[in-house]
Amino acid sequence: MRTSRLEAFSDGVLAIIITIMVLELKIPAEPTLQALGSSATGFLTYLLSFVYIGIYWNNHHHMFQVVEHVNGTVLWGNLQLLFWLSLLPVSTAWMDQTKFSRTPVVVYGVNLLLAALAYFVLQQAIFRSEGGSGLREALGRDLKGKMSLFLYVSGIALAFVSPWLSLVVFAAVAITWLVPDRRVERYLAAHESGSA
Amino acid sequence: MRTSRLEAFSDGVLAIIITIMVLELKIPAEPTLQALGSSATGFLTYLLSFVYIGIYWNNHHHMFQVVEHVNGTVLWGNLQLLFWLSLLPVSTAWMDQTKFSRTPVVVYGVNLLLAALAYFVLQQAIFRSEGGSGLREALGRDLKGKMSLFLYVSGIALAFVSPWLSLVVFAAVAITWLVPDRRVERYLAAHESGSA
Amino acid sequence: MRTSRLEAFSDGVLAIIITIMVLELKIPAEPTLQALGSSATGFLTYLLSFVYIGIYWNNHHHMFQVVEHVNGTVLWGNLQLLFWLSLLPVSTAWMDQTKFSRTPVVVYGVNLLLAALAYFVLQQAIFRSEGGSGLREALGRDLKGKMSLFLYVSGIALAFVSPWLSLVVFAAVAITWLVPDRRVERYLAAHESGSA
Amino acid sequence: MRTSRLEAFSDGVLAIIITIMVLELKIPAEPTLQALGSSATGFLTYLLSFVYIGIYWNNHHHMFQVVEHVNGTVLWGNLQLLFWLSLLPVSTAWMDQTKFSRTPVVVYGVNLLLAALAYFVLQQAIFRSEGGSGLREALGRDLKGKMSLFLYVSGIALAFVSPWLSLVVFAAVAITWLVPDRRVERYLAAHESGSA
């Protein structure tokens, strides 16, 4: 089965997730700068989750550039990734509406962790499928992916010291991923020059 | 008429249905694990409906791989399937908000049954259209599809014993469909090797 | 400019309009059949508007099969059609929530009329653009389109007798359009056999 | 990396933004023309924001017709543009619900200004990327883009005289952009005739 419709469907779901989060933003109650200011944290958590969905879209995009055929396991691996990402608008809104209480921040971190694990499971499913060897070669030991899992766990643990520390860690992980995965670009470049 | 735009439109609608269901999830009222726990059933029904939409997407995807041209009847057969699936977020939310009372569980089962019948009608429309013979050959007697219809009816009837039994049946049907329809893959493989 | 991205964008907008209408459906207040029954009109108006969006998608799909290049005027002609259609979820919800009072039913009819006029304007823009002559030839005198405009106006007028009569007219127009526009199919078939 | 998936994702996000704005429209409280009339400003601001998203879609569409390959910087340049545009439904609703008070109108103007700056940044990222020289040549000195930035700032400043003046300026900018960017069409035409 070709990947084109899987990519189109995933693009659709990610486009909707990234956009409906804005529906959870509360409109300031008064037409004043103070009222806008007290909505500022909602704006910042929206930004953080927007960046995370953007990162997943970028990496997803790169990952499937190396893959040409998918099987049923990869389809479901992809759907479970989309499932965890689809919960991000809800966990973001809960965190914001409770003014960053400990439990919602932990749940937000767990959501990020589960999405990262789902991405990892999807990668493994692709590795094991026909035509997945290219991706395995491109990603190598995937230190960056494993480091992120460790950082999410640390961020969750830090919520018991202070929820703000967790957010600093979650934002830091996002920043390390802003650069799209050059490993895939390098692999594709090497492959093309090799076959030329 | 080619199927590409029908597939793109269906992907769009299914992507939106699967994602807007999350807008029906209530954000827990308190920032506590207890409040999160009492939202757990909402989470599980969301998961069940998410899996159902995922199954329809997978099967839809497979079905149209064997079909190349569609006519007006197929277009409307497809739209009525999307119609019943689009009601799933509402029937899911009703079932959850009433804590799985009998009537909403029955309605949820009827919604699943109507979507399955609509899928059946769509298949028949494709069978009768030009170029639909491939799909008919690939699906054979379609025992699995007919078995599902029977199970939905059983699940609806069991709600009069206990709504929880219904949910067990509905979840069981979903699990039998997690494996995408290999009949189509087998047909395509046989066809390609035959023409080679 | 090629039509592919215009078609993809329109498909996206129409897929969203057809799906978010379901967000306006009220979940029944009680877990009973009576409560569901009192939501039945909402369900029927949802069905009517779903069918209308489906019709526009089908006809839009057919129209752009004959067109290969679009200019700026066609882009905006298309966007104004999407604008009027995007208001359909709101006018549907208003009509339903007021239990089909005269004014909301008139406004719903005006919305349908404006969408039909926008479609007409879009057709004219395509006729006048390069490569639009095929569509003009395919549609001929477009009696069906002109008849619909007349029926919408009649439906709006009938609301001053009884809003229910208006709904009968609006449903009747929808039924006449359930059959996708065979004129385009015939034109394409004739064209292909002519060039063969 | 090819631009096709970036275009598809952007189309998806823009299609959702342009459509979910309608969810912020309040359904009139009474089934009367007066109640509809007092919703008229909401309708007009919806129209203004719809036109703005339409303009961005048109220009985005034109811009990427000249570009064939994108790098990571362009991907993020594109996502920040989508981020600012995704806030437009919220700032539109705030402006409308406060009956065009000064602060919300200023914030709406700032939102338009930030989206325009993001578009400018995206253009610069494309200019600097491989294969971006075509766009640079096509756009020339981009007087129209720079003029818009100046007008947004003027509109924001005029809110301190009267918020209505700001809206006149914002509507005027939209009107100047209704004509899609012919510079790209001219460039493509010249390029094709040159290579012929």
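Each chain gets a letter, A, B, C and D, in the order it is written, and its residues are counted from 1.
The working rule: contacts are C-beta pairs under 8 Å (C-beta built on N, C-alpha and C of every residue); 3 or more make two chains touch, one makes a residue touch a chain.
Here the structure is a predicted model, which means the values were calculated and not measured.
Enquirer: With over half of the numbers shared counting as same, classify the chain C/chain D interface as same or different.
Expert: Comparing the two copies, chain C and chain D contact each other through largely different residue numbers, since under half are shared.
Enquirer: Could you say what rotation angle superposes chain A on its sequence twin chain D, using C-alpha positions and rounding to the nearest 5°?
Expert: Rotation angle between the two copies comes out at 90 degrees.
Enquirer: Suppose chain centres are the mean of their C-alpha atoms. Which chain sits farthest from chain A?
Expert: C
Enquirer: On a C-alpha centroid basis, what's the spacing between chain B and chain C, in Å?
Expert: Those two chain centres are 26 Å apart.
Enquirer: Take the average of all CA coordinates in chain A, do the same for chain C, and state the distance between these two points in whole angstrom.
Expert: Between these chains, centre-to-centre, one finds 37 Å.
Enquirer: Enumerate the residues of chain C that touch no fewer than two other chains.
Expert: Residues 8, 12, 15-16, 20, 23 of chain C touch two or more partner chains.
Enquirer: Hey, which residues of chain B end up touching chain C in the complex?
Expert: 1, 5, 8-9, 12-13, 15-17, 20, 23, 72, 75-76, 79, 82-83, 86-87, 89-90, 93-94, 97-98, 101-104, 107
Enquirer: Help me check something: in the complex, which residues belonging to chain A touch chain D?
Expert: Touching chain D from chain A are residues 7-8, 11-12, 14-16, 18-20, 22-23, 25, 27-28, 30-33, 36, 47, 50, 54, 57-58, 61-62, 65, 178-180, 182, 185.
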